[in-house]
Amino acid sequence: MIKKWVQRFYLFLIILFLYAPIGTLIVLSFNNSRTSVKWGGFSLKWYQQLFESKTILAALGNTLLLALLSAIFATILGTLAAIAIYHMKKRRQSICMSIVNIPMLNAEIVTGIAFMLLFISVGNLLSIFGIHFEMGFGTVLIGHITFNLPYVVLSVMPKLKQLNLSMYEAALDLGAGEGQAFFRIVLPDIMPGVLSGFLLSFTMSLDDFVITHFVKGLGADTLSTLIYSELRKGIKPEMYALSTIMFLAVFVVLLLVNLSPQKHIKEEQHR
Amino acid sequence: MSNRLIDLQHITKIYDGHKVLDDLNLYFNENKFLTLLGPSGCGKTTTLRILGGFETPDEGRVIFNGEDITNLPPNKRTLNTVFQKYALFTHMNIAENIAFGLKISGKSKAYIDDKIKYALKLVNLDGYEKRMPDSLSGGQQQRIAIARAIVNEPKVLLLDEPLGALDLKLRQEMQYELIRMKNELGITFIYVTHDQEEALTMSDTIVVMNQGYIQQIGSPEDIYNEPTNAFVADFIGDSNIFPGTMVEDKVVKIFDTIFPCVDTGFGHNKPVDVVIRPEDVELGKPGKGTVDGVVSHQIFKGVHYEMEVTACGQEWLVQSTKMHPVGEHVSIFVDPFNIQIMNKPESEDEEAVVLDV
Amino acid sequence: MYKKSLSYPYLVWAAAFIIIPLLFIVYYGLTDRSGAFTLENLMAIATAEHSKALFLSLLLSLVSTAICLLLAYPLALILSNSKLGRSGFIIFLFILPMWMNFLLRTLAWVVLLDTNGVLDTLFKTLGLPRFKIINTPAAIVFGMVYDFLPFMILPIYNVISKIDINVINAARDLGANSFQTLYKVIFPLSLPGVISGITMVFVPSLTTFVISTLLGGGKILLIGNVIEQEFMKGTSWHVGSGLSLVLMLFIIISMVLSSKYDNGEGNVL
C-alpha cells in the first residue's frame, strides 16, 4: 500500500514538473499586467488583442498550414517508404532504416544549417541562369517534411510487422488487383500507424523552431520564429493567450478521443 | 495427513468478478507425477500459479510441509516452476541461466559448476554451457528451463504446459524424458496440460478440472475407464454418450433396446447417461448382436478404421481394425463391463459443462 | 509482393534533402573561402573560446542525461506495472505539452525560477533556503531535463513493458528478491531502451542553442550557440561547418553505440 502511494506520488511529481510551465503560461494569459512577474488581476484583454494582431495571426496561419501540408506529404511519402523498406532484403533494409533515422537522430542545428547551405547554394546556382530563388515558405516546408518522415516510417513499420501477409494474398486470390488489395485490405489494417504518424508529424512541425529558424529566410515567420524574434523586447502576452487556446483545444480533443466509449470496447476485446 | 506434501484448502480465486476457482480442496503427496488436466479456463493454470506464489487466493490456505505458505512470495518458496514459453533469460548464456538460482542463494562456485554439469547431463545437453538461449531450438530451450529449475533441488517442480509449443514428435519424446527425470530426481512433478494424451501417458494421478471445479481425481486407468461424469468421459478420449434409462440394476435401455451392464444402485427407471468407448463397440453380422444398424460414415485412421453406425436412433462412433463399408448392415454388441452408467447432470450449470466441450 | 518502385520517391527525397545537405557541411567544413582544402575549420575547435563552449556543452549534456535517466527509469517501471501504461495515457501525457510552444514552455521556467519568481516566493514564504538559478548553467541543465525527459521515458518504458512477465516470474521463482530481479534481469533486458534514451537526450542537449539562450541569459555560450552565431551573424560558414563536423563526430559516436544495442525495441515510438 505504501509502495503504491509512493509510486503515485512520484508519478504526480513528474507530471507536475512537465505541466508546471504550461500552467504558468495559462495563468499569465489572463494576467492584466504586462510584466510576467506581477499579477495584475484577471483580464481577457490579451485574447481580445490577439485577434487584432496581424503579425501573430499571419504566423499562426503559416504554422498551421505548414504543419498540415508537411504532415500530409510526409505521411504519403513515409507510408510508401515503410512498405517498400519492409519488403527489402535484410541488408538493404538496414541501410535504408539508417537513412530514415538520420533526421531524427541528427542534431537539429546540423540538419538546419545543412538545409541552409543547400538552399543558398541552389539559389546561387539558379541565379547564374537568371532564376530567382530564395528561402521562404517552400524551403521551410521541405525541411519539415524531411524531419517528419522518420516519425511516419517508424509509426507505420510496426503495423506492417503485425500485418498478416496471407490477408493480402487472399485478396489477390479472390480476384482483387494489387491496388485494390492495398487500398481495401492493407491500408485499413495499417491505418492506426498511418494516423499516428500523421498526428505526430503535425505536432512535431507545429513545435519546431530550430530548423525553421535556419531555412525561413526573410519571410515566412512561424509562431516559434516570431516568439524568438520578440525575445529581446519581451514576449507579447497575446502569445500566451494564443498558446492557451491551442493547448486547451487539443487537450479537449484528445480527452474526448480517449474517453469515447468506442475505444473502451476495443480495449476490452483486446484482453 | 502426515504424508501430504501440499495441501490446498478451500481455495477461491476471483478475477473481474468471475470465480476461476471455487472452494477447491486438493492435496499432493511426495514423489508423484500429478497432472492438472482440463480445457482452457478451467482453473488449472491458476492453481499452479497459486502454488508457485504468483497469485494469492482470495480465500483458503496453501499448506506446504505443514507450513502455511499462502502469503509467501515466490522467492521464499522451495518450489520451482517451468514456464510455458520457457522464460529463459535471453541476456545470459545457458550456464548463467542455470546458475541464476544457485548464485542468488550464495552457493560456492565449485558447487555451482558441478550442478550445471549435472543438470545439463540430466537434460541431455552436455557442453551447451556457453550457448545463448536464442541459438537453441524450442525443445532445447525447454530442457534448459527444466535444468534451471531443478538445480535448486526443489521438493516440487511445477510445469505449466511445458510441451505446448513443441511439435508432436518432440512432444512424445519429451514425455518419456520427463518421466525419466522425475524418477531420477525423486521429487514431485505437478504438471498442467489440456492434452489428455500427455496426461494419460505420464501421470501417476490425474486431476480433471472444469470451470473451477475438480471433476475427478484418479489414476489414468480410472479416469479413462470409469469417468464419473459426461464431461470427463467426453474430455478424455472419444466417447459415445447416449441418454438412457436405468430399468433396474444391471439393465439399461438406450432408445428401445435393452443392454445388460454391471452397474447397480441407480434405482428403477431413472434417466441416466450411458458412456461407451468407440473401441468397445463390436460389430458383427446383422442379427448376431444386441441391435442392428447401418454404417453411415467410414474413414481410415492409420491404426484403425473409424465408422459411424446408425442404430437405436443414435450415431455410434466405432473404432475397429476391420473395415465395414458405408451402407453395410451390421449388428452392435457391447460387453456389459464396457458400459459405463452415469447420473444425469442435475442443474443447468452442469449441463452447460457438457455443452461447452 | 510490392513493387520496388514504391521506394523511389522516398529514396530520391532522402538523397536530395538528407544526404546531399550533409555533404554540403562536409564540403564547407573542409574548404576555405577560395574553395581550397583545409583543416583549419576543424582546428577552430581548439581556440580557447570554442573548446570552452564544447567542454561546457559536454558537461551540461552529460549531467542532464544522467538526471533524465535517474528520473525516467523509476517512472518507466511504475508505468509498465500500472494500468495507466496500457492505454494511450503515456503518449497523451508526453505529446500534449508539445502543443504549447516549445520556446514558451521553456521560457515559462524563467517566470518560475527567477529571483522573486513563483518558486522563489514560495520558498521565501515557507522559510526554505533561497536559490539563484536563473542565468546559470544549472538553469540550462534544468531546461534540458525538462525538454528532453520524455525522450528518455518512452524508449525505456517501451522495452520494459515488452519484457515477458514470466521471465520476471522465473527470476522470483528461482529465489531472487525484487531488487535482485531488477538489477539482474529487468535492467539488463531494458538496456536497448536505456541506450536509445541516452542518445535521444544526449544529442539534443549537446547541440542546443535555444535552451542556453532562453535560460542562460545570453551570457553562457554552448557549442550550439557558437555555431548558430557563425551562421546567423554571418561570421564564417566555413568555420561553422567545421565546428558542426566536430559536433557530428560526437553524434556519430553515440549513434554507433546505440545501434550496437538497437534491435528495434528501443524505438521512441
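The first chain written gets the first letter, and so on, giving A, B and C; residue counts start at 1 in each chain.
We adopt the following convention: contacts are C-beta pairs under 8 Å (C-beta built on N, C-alpha and C of every residue); 3 or more make two chains touch, one makes a residue touch a chain.
Please read all numbers here as calculations on a predicted model, not as lab measurements.
Annotation of chain B and chain C: not jointly contacted by any chain, touch as defined at the top. Chain centre most remote from that of chain C: B (centre = mean of CA atoms). Here the CA centre of chain A is 55 Å from the CA centre of chain B. Per-chain Cα centroids separate chain A from chain C by 18 Å.
Contact residues of chain C toward chain B in the complex are 164, 166-167, 169-177, 180, 184-185, 188-189, 191.
On chain B, the positions that touch chain C within their shared complex are 52-54, 73-75, 77, 79-81, 83-85, 87-91, 100-101, 104-105, 148-149, 152.
Across the interface of their complex, chain A is touched by residues 1-2, 4, 6-7, 9-11, 13-14, 17-22, 24-25, 28, 71, 74-75, 78-79, 81-82, 84, 86-89, 92-112, 114, 116-118, 146, 149-150, 199-200, 203-204, 206-210, 213-214, 224, 227-228, 231-232, 237, 240-241, 244, 247-248, 251, 255, 258-259, 267-269 of chain C.
For chain A in complex with chain C, the residues that touch the partner chain are 7, 10-11, 14-15, 17-22, 24-25, 28, 36-37, 77-78, 80-81, 83-85, 87-88, 96, 98-100, 102-103, 105-111, 113-118, 121, 142-143, 145-146, 149, 151, 154-155, 158, 165, 168-169, 178, 196, 200, 203-204, 206-210, 213-214, 223-224, 227-228, 231, 235, 239-240, 243, 246-247, 250-251, 254, 258, 267.
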